[in-house]
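I have placed the structure first, in the form of structure tokens, so that the comments after it can refer back to it.
Letters are used for the chains, namely A, B and C, taken in the order the chains are written, and counting of residues starts over at 1 for each.
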Amino acid sequence: MSDRTKEQGSGLPGGIFGQGTPTFLTTKVDFVVNWARRNSLWPMPFGTACCAIEMMASAASTHDLARFGMERMSFSPRQADVLICAGRVPYKLAPVLRRIWDQMPQPKWCVSMGACASSGGVFDAYSMVQGIDTIIPVDVYVPGCPPRPEALIYGLIMIQEKIRGETLGEHAANRAEDPDQVGRPLADAHEVAALSGPFGNSTLQNRASGLETGIPTERPKDRAP
Amino acid sequence: MSSDESSGYREAPLPDEAEEQETGLVSLDGKDQAHPSVLGLEERFGDAVLRHEVVAGDEHVVFVSPERAFEIIEWLKTDPDHFYNYLSDLTAVDYGSGRPIQVVYQLYSIPMRRAIRLKVELPLSELEIDSVVPLWEAANWLEREVWDMFGVRFRNHPDLRRILMPEGYEEGHPLRKDFPLRGRFSRAEQTRRALAQTPEDYYIPADYGPGRDFQVVGWQEVGGEPVPLEEDSPGSANQGSAEEDADRG
Amino acid sequence: MSKKTVELEVSRTPEMGMDFRPAHGVLPPVDLTEPVLRSEKMLINVGPQHPATHGVLRLVLELDGETVVRCLPHIGYLHSSFEKLGEYRTWNQVIPLTDRMDYLAPFIYNCAYAMAVEKMMGVEVTERCKVTRVVMMELDRIFSHLLWLGTWAIDVGAFTPFLYAFQQREKVYTLHEAYTGARITTSATRIGGMMADLPEGWLEGVREFVNQFPQTLDEIESLLSHNAIHIGRTQGVGVINGEDAINCGFSGPNLRASGVPYDVRKDRPYYDYETYEFEVPIGEHGDCYDRYMVRIEEMRQSCRILHQALDRLPDGPMNVDDPRVILPSKTDLMNDMESMIHHFKLVMEGVKAPPGESHFSIEGSKGELGMYVVSDGGSKPVRWRVRPPSFINLSVIPKLVEGGLFADVIMVNASLDIVLGEIDR
């Protein structure tokens, strides 16, 4: 994650429109491209557990995700723009999630739906990934267990807002992927440890079986780049 | 278990707590209600039936010896007077601190509307027992789960391998009491190992070993090697080997 | 491999040149291999990320043409270590885990767990609580079957029933929310009672739902039951006879579709189910269509039970009057030393179950749902085990699909009504 942060600060020198200040033309092109992008997002529903049911409810008649240009759930990652990771992700599923993310073409965004996908939730145990942000980059975290459909829709609108604010030059820098990093964890070892160390109530779950961790229990101050 | 509670309340118990614990909410009167299958078991198998308990009012638990467990279960299943034709559940319990692991068979007889629970105690040094898959196909996955979670081996099981954890899981058997809640490796190591595995690696059928994988057959290039179809969808199980195909062709 | 020499001739077309001669002369003869005509089995992988596997199930299928020769299901992609986590929580803290296990019928799982612990402790819940739980469980049976119906219809190629079903599900969501505050993860039961008494007007809401629901069900059924495509894709597909079904551990609607009248509500009645009037629908052929019909009919029977339960719901306390499991009232707490001690004990240590164990089975929406709890006298379970109905139902899928067509795999999988959260636990 730290490498990404650096890149985002400077911007890639070889972006589509270079590093210069936006001209009239590129501003307008930005506007048109972003308008088109944000209103025809194709979500890739990576639904595993309870959140997937709420995701289905958001796509069904009452909440109707199609109002926001997302009626086409793309079950193939090759034609998707937004990965909605809905539900808990065990380690056994982690390579699958990573593979799906790698298969999605740029530009792509990721919504981490629900407590389990964002932080592991109540499942602070041996088989669970403690937050998918250790594996793939996440743009929007939707809290809740599970989030209501309104919350998911709000999260997707936030993705749209994020797209609105991106210029094409920045975009190339922000979303550049290091080919060497494909298939690798997003966070490095100490970051994974800090993100997934026990905290809050879970420290009370100590028992005779022996919970041993030498990891500092604080949460990172700011996960955003 | 209550000893590791940290509330410190134990010093001042209620005056009548001891009685409450004893009179309890569990009635042990059920022992009088004779369970026909328990009587039948004791009569027929004698020494192999180690003891009999009644728990939670009306649930009969019979401890049997591991050597004759299969024989006893087979008799319970086939004997027309008992006819426990439905394997309701098969699981195991680890009480921790070196005590033996109990394998629990919950049997039910649909025609007789009668349930019985058999328990087999296996010492940690010798976690092996006969599989009941020959009796019930339902036991297949249940026994695999017990193997995965507790490390109990089932003899004559057709396909005993991990079912819930990944095939190459190295941290142990998670539901043992000596297994820490968060696993034995650090989170970073767990993440690294998880991502290092290829989704296709596991669970290719055993006789689909290298060399027997499928090949795309059709027009082939002149003089060249046959070209396996490249497919990179997330779950493609395509690991072709050219030589084998050429041999068979 | 035989080769044959082919001399390619280029026919003349006007594009080739002004004088109709080929632009680059006659092509030299080339060797082309003859097509090799032989058949091989093909390995196809479905899942774990696939819209028709209802979660993260993975099926590896060996195909001979379109016929399934072998099917290897792989599960565990959603293994969330529920049973291990349960050993680290107090008896009441396990309840929020139960509804995350089967998120399609959360109330049934809440109730099953609470019942098992109550049986182990010998706590007899109040009459009002019993009837309330019956209402909840039957409501969630409909709730779960509705989601199954919607996804089943999508798998068969019809989209409309999904929308109809979700319209009705939203009403149940609202009822869940009115009582517990959560749409899916209800966590409504406690050992010895419920989280709260029923809110005002809630029963009328249930009654309203039960009154209007059969019309929608009829509508959905009219779209599917006599639909030629639906019948063609489901009748005679995935057949299993009663004897095999018992041997394979089938339970619930899947078992009853094979003609075995085993329903825990009738065979081992709990909560006075023997006094409710309802029928247990039985199938005849044991195929996908029968499983569909059994579930449709079960929803109607659930409506019948709901009507009776709503009529007989008594007044009175919801929670059992037992200081070991239920917090004393606020008035007692302020005035009575003993109640305060009970309160303190319950809050600090949680419910303490005497040593013992219990295996309690109820009829869940997917099949026989057993909860096996073992206590050693502490405030946490030694073992909390769920007899997962869809785990065992799913283990039969190779038997059902082998020898059938590839397209039928999807229907068989849908007809089993699995929920991966509970299969993998």
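Everything that follows uses one rule, which is that contacts are C-beta pairs under 8 Å (C-beta built on N, C-alpha and C of every residue); 3 or more make two chains touch, one makes a residue touch a chain.
Quick caveat, the model's predicted, so the values are computed rather than measured.
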Label of the chain whose CA centroid is most distant from the centroid of chain B: A
Per-chain CA centroid nearest to the all-protein CA mean: C
Gap in Å, rounded to a whole number, between the CA centres of chain B and chain A: 36
Rounded Å distance between chain B and chain C, as computed from the means of their C-alpha atoms: 22
Chain centre separation (chain A, chain C; CA means) in Å: 28
Two or more partner chains touched - positions in chain C: 48-49, 76, 79, 81, 84-85, 88, 380, 424
Residues of chain B touching at least two other chains: 96, 164-166, 174, 179, 181, 199, 234-235
Two or more partner chains touched - positions in chain A: 92, 96, 100, 124-127, 205, 207
Chain B to chain A touching residues, read off their complex: 4, 96, 164-166, 171, 174, 177-183, 186-195, 197-199, 232, 234-235
Contact set on chain C toward chain A in their complex: 48-51, 55-56, 76-81, 84-85, 87-89, 96-97, 100, 103-104, 147, 150, 162-163, 166-167, 169-170, 173, 183-185, 380, 420-421, 424
Chain C partner contacts - residues on chain B that touch it in the complex: 1-2, 5, 7, 9, 14, 20-21, 24-27, 55-57, 59, 61, 85-89, 91, 93-96, 104, 106, 110, 113, 115, 117, 136-142, 145, 149, 162-166, 174-175, 179, 181, 199-200, 202-205, 208, 213-215, 217-223, 233-238, 249
Touching residues on chain A, where the partner in the complex is chain B: 77, 91-92, 94-96, 98-100, 103, 124-127, 129-130, 134-135, 183-185, 188-190, 192-193, 195-198, 205, 207-213, 215
Touching residues (chain side chain A, partner chain C) in the complex: 45-50, 52-54, 56-57, 60-62, 73, 75, 87-88, 90, 92-93, 96, 100, 122-128, 145-146, 148, 205, 207
